[in-house]
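In this document, chain identifiers A, B, C, D, E, F, G and H correspond to the written order of the chains, with residue numbering beginning at 1 in each.
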């Protein structure tokens, strides 16, 4: 609820076109809808510039269906993340048009073409073969949010020449998402080569003292390349949201 | 060293205007200068879009002076971060024009006006009075890098109305840096109100189970507001670098 | 065993109505009953104001049945927490009147109506859909202990207006339990809006650097809203016990 | 800002007694005052039932004086916590009536007698001699907020009879704050003896694997006595705020 | 190999009854036997006062059988710990006389009655029903090593009177092993009541911030009862070994 | 308060020689004395077999003097641990006979010769020169509690022959305390050579990933030598208390 | 790409035998091959002295087959690590000559005999039976890389004589890899006996406070035997790579 | 004590030239010397190939002097590490010929020229200016142990071209020690460029989530460049010892 909307409402109250009780009600109930297990937030797109997204992990089939239903009726496109193939298949029985992205573990329902909003390309760079699912989540999300998105893979720092050979693609991007596990050094090297915002995504890939992504997370937070920012472990979705906000015209 | 530069050099070698040995030498020595304790990187501005900055902590007076000297001779503006008042005062005896920013613990030497590069305003929002120094570091850095920058302070989440009252300023920014210690919840609330990139800076403010900023850092990494990215604890400088890259025209 | 009871016993010993050996025995054996794997504590209700509750996790069927049996014979109502549907079903074969609460993973056996003890309403506020089971455990427990209890759900801090719209319900409660995972910021925001005791329950919901609830736990312990207290991760039961003691007339 | 106040304001707008612009302004500016480094929140007492308190650690003399000044002019009583003797003495030169509590490291300025609000006694129980300062902070805060408060000290669990001998005092309290370092077991034992809300405060006392209070904090969070809630390490102030809200009539 | 044995060997060498090469060989090969996957240490009983025990976890059937075989042929009694029912059953097909202790997850093969070595009783005290398996491992081990051993169970500190009622048994023991999870406070309370060595065993029982036994472990290490020593989480076996060495005549 | 004493008291109450009120009072007040900041526990020696000891760290001069005074008047010997030279010197002005042990940072006041209670020798083995203070604390405490105590130093595992050469002394001890920092492997090697109880004391000696003793603590808890028990980091005092209880006749 | 190769290429460009565009292309594309999910690095053997190895964990069958295929076509020998028996069997259907090493969980495809490169023997020493798989991975890798490799097993520090008896084998090695879990003390003891490089491999073997290998890792990092270096938990492969580089003639 | 020496001793005993008692004594006392606070190990050079080195931190002047004296009398060269300028100056009053290395915080006493033992050059590569002291400790140690040693500094991964330009020096080394703080990525990049053993030294340089070197340590342990081994945080000395053993002819 923006100040402009508040002012408009207050004006209406003053002019008597909106009674006080009704104004109170609108202040309270407009922006969301109760679907039994959740308050679906129809105004998030207005307020934050992107639609509410359903985090699938830990939610039951019927909960996801209820929330998707409320959003779909409102005409919104829908993205469900962290959803496995079985659950997705069951939900597709209710929403025939929904598309499952196996690598990314995402389900999308697009009722209208994603509006092209970005002013450039979001480039996703990933380190090893095992980091591909997180990179895929970032790609699906970035495109769902109306961006051009490209992918460079398997360019870990232990063979630095593989990365250096892709310099032109790095230079052409408007934002770069770098996905890496193990020691998480790739964002630093990328950040040192370009003058673009770099968003680092640590992955839980690795073993032993990788500690499920802590090593990569700490490596990225301590990057000696100024200008690198970090999101949560395996959070390809969050990185793509941030990249999308940055890529706005 | 960009592919274009490499191509130019190879062309010159082919045409014979640059001998092979000299080409090798240029490939090796051009971009940095040895000052005894450091390799000053004069090409970082070209490569990364911002000049090399001196991290003052743990460096001796003579080391800072040597690096500043090499940069100053090259005509660059210079920023030294994490430098206390005593050390700054001693260094100002060599560089008369250097300016000390006490709150931010930064020293700047501006030989030419910072070139205005940003397309909008970087807004720094901080939670408590004790978070002011980190916010100040972000402000000084953002301005040094050629951005407009503003500040909203003392708007912690325990009194949420203080933040809501500043909604217009939040909406007017092109990037928002949110600085907070303790539970680090402020970036999430800000991120939920706006459609702008939000960079979260955890501070080491707090006590007991704040663990020197870990609580705030984890809070920010786990933000339920999609699109928030995070930098290292107390790293106002890094946040401003990222914000500056995002704010480019 | 209270001082009053001790005095009474000593008086009886003095008067000779209770022999010394018998007094020793009563001091030793009165308050609990050995059921082979546990010492059932029949006096806890007198001493602590609430009956002993069975923590179901890691206990075998026969152990739960033995303890429930001893409590049921004593006329007590029984609550078993952290018990999955299969185990509950097997136990219901012995205790026909027992009721299973699937969301809360609790089993209750009420032999007499819960005595209404509370002076007001305990309000449970939860952040996301995935936090519902912990909230449910708190609700079942609060009601089992004789309190009125209500629930507000899906009011996470990234959409702060959803919470603000429920201000009246917040203001009407006598104690508020706030259940949240991820960054755990909700108790702080609630605590800043009301003048009621707030008990924060971190949940293990989240991924990556949520570390199974550590991020939320730290966030809540470092809350900048004075007056918030915290219980263990996912401990809806404990929060309800504390709320019940506070809600006593 | 309560719904009642909002309704009153809307009524005034409707009746025309308050112009729209002025209503907007009041919604924005009423509750706090900018003193240069902080936004002093004059409505916290109305909203949260206790005045804003100044956390002294990390604040400069002039910052504390500015905030205290704004609060004092407003007629409020003032409490500054975590302030050492030297800083307190310098501030007392500006506020002659301020009183320093050395054990508790608190400074109070009482312009009117604390209004008696509690319905019973808050009892502070502490484990060892080294835990006294944290207990003292809790006592000073509890009394500042208008409560009766008493203290039992040096009753650690390794000599359990010392605690058992104080059973009557424990039973007479309306809320109990238990302060303990090292293994932090005291709240569990107290919680097992009484039917009152118990707030546990871990202290940073101990050495080696006490890890600055982590051992005590974990011990308290894992208390097997249902109904114990926990605050941050060394946070006597927070415990007293929570106890005060519970102790309200 | 003790100094006495070394002296005897050297004397034999001097007297010529043992050739130098043979002495070298005995020094090298006597004390252990290679069974393909392990070096069975037949002298441990002489050297350390207790036979080598097989840690079953992570060992394959054939490895356990090979080691047991070598020990059995040597006439030793054998104890296998951390072995599940299925694996034990398969191994019993080779060693008919072996006995499986289901609660303790131990397998014993006693070829001769355990020699009674202890001068008193080892008392195992455990806190909750879920701690029983660890207590059982301690009991089986203590008896296997030739000690009298007794058990008191379900005497957690939240109902301190249950423990106080067993004071005579506590006082009669020569060593006390205290097994507890969650906050791990029981050893401190026991240690404060008796003048006997107390060995504390943290268990992995608990949830949330119990962190698989870390809370209990830290609580025990920080015990304010002097004289409590600690073993690894869930290490009932190790506690019984230590208790057995202490209980020697 | 033992069951025998309780029985005697009950008999007296029955016979009328002790009135009920007085019995209650004795049950409550006998065993300790309030000295303003502490409850001095005069019965600990009876109950636990060793006198109360004053932990000096974090206590003020006057607090230590008050507690020492109460103990000295009662005729007890007094041990103060963790007390630096300056504080000790100030306290010696009140207690002329007190002796300061600089290496061990202990102060002792012996009013009567320590009663010889041990049945053998407590041997303290320490790894490096930097571990000497912790070893000294163990030695002073062991002797204060009436034991014979000896010391072997600088026998770290990186030069294993230094330890092997002292085999006879190891074999002659009745209990062995092993003090080591860094990787903390010495107790395992000692435990593998002898059939005596071994108490391991990790020290905070080391750097980097020694983490103030955590590495040594973990090493000792995971010792593959069965029968090793562990105390807190740097806790030479606690190790000596445990050793003393074990060494009792 | 070495300087020599760069010089050769530049010479060719100068002489006109290689056109500029083609040189650019070679600089970019020579060293690796895109197989859809990975960039196979054919030059690693030239650059780093050992072929690229496939880390099998988390890779799908078709991914491993694609990478193996590219490497096999290039004539390379192939090593796949961390691959379970089922997956290996499926892959062997494509590569008939591939050999599965069950203990080591490795798959090797040797198209030509491994070139003997080592100047001495790599000795793998392991502590317990449960550490065998990690030791096996080290052995398979060392031999794959062209080294002589031997194994000593079950020589843990709790029976130090078992290790001392193998002194000649230790002295004869050129590099020693020491594999140990639990307290991880074996590398220190070995390092104290020999004048050879010792590479320590912590294993995740142990329980409770072993924390999946952290205890062993910290023990090894804090080794008091100078000259011990450490690799990641369970990283037998990495240890063998380092040993192989050291063992080069 | 090697097997050869043992055989010789046994032969002498057999021939009667060495009495049994004297043989026992030699087995016990030969290799070290008691200087009151330490057992100086004169045979370490024979056994481990390098002299015992004194770790200065936490040792008193007189302790260092006693140990140095015993070593100097034996004709050994002496190295003291982790010693500050003041302590070094006081010790130089006793040992006139001792030389203090301020950057490295080392003191050396060379009574005879270091014997040249290495077959190649040890190259120390460091990342930032703040890492210089750790690199200096490695350099001083490597040279003290008889190796050629060189240094490349300020070649962090954020400006990867600075490192690539030094490729020839990297290729010419026989062992490379890489010193880096912050994210610790430099060893991985170096390890990917060369076919030489790389020893990584994490430094405690960095702030916030660098956690005193943990971030760098984890980064190095998780290096995706096979063949990198790691030593403790800031342990330049240990790295040089390992490099020296590797560099032996």
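Operating definition for what follows: a contact is a pair of C-beta atoms (placed from the backbone, for glycine too) under 8 Å apart; a residue touches a chain by one contact, two chains touch by 3 or more.
Each chain and its UniProt protein: A, B, C, D, E, F, G, H = Nickel pincer cofactor biosynthesis protein LarB.
Bear in mind that the values here come from a model prediction, so they are computed numbers and not experimental data.
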| item | value |
| --- | --- |
| Set of chains whose contacts include both chain C and chain B | A, D |
| Selected pair, greater C-beta contact count between A-H and B-G | A-H |
| Candidate from E-H, B-C or B-D with the same interface as B-H, over half of contact pairs in common | B-D |
| Relative to chain H, chain with the most remote C-alpha centre | C |
| Chain E and chain F: spacing of chain centres that average the CA atoms, whole Å | 25 |
| Interchain centroid distance [CA atoms averaged], chain F/chain H, Å | 38 |
| Computed distance of Cα centres, chain H from chain C, in Å | 58 |
| Shared-contact residues (touching 2 or more other chains) in chain E | 3, 27, 47, 128, 159, 191-193, 208-210, 214, 217, 221-222, 225-226, 232-233 |
| Chain pairs that touch, as defined at the top of this document | A-B, A-C, A-D, A-G, A-H, B-C, B-D, B-G, B-H, C-D, C-E, C-F, D-E, D-F, E-F, E-G, E-H, F-G, F-H, G-H |
| Contact set on chain D toward chain C in their complex | 2-3, 47-50, 53, 167-168, 171, 191-197, 199, 217, 221-222, 225-233, 237-239, 241-242, 244-246, 248 |
| Chain H to chain A touching residues, read off their complex | 127-128, 156-160, 164, 182-185, 188-189, 191-193, 206, 208-211, 214-216, 218-226 |
| Parts of chain B lying in touch with chain H, wherever the complex brings them together | 1, 27-29, 31-32, 37-39, 41, 44, 47, 55, 57-59, 63, 67, 82, 202, 204, 213-214, 217, 232-235 |
| Chain B residues within the chain G interface of the complex | 3, 6-7, 10-11, 13-14, 16, 20, 23-24, 27 |
| Chain B-touching residues of chain H, taken from the complex the two chains share | 128-130, 132, 153-155, 159, 161-162, 165, 205, 207-210 |
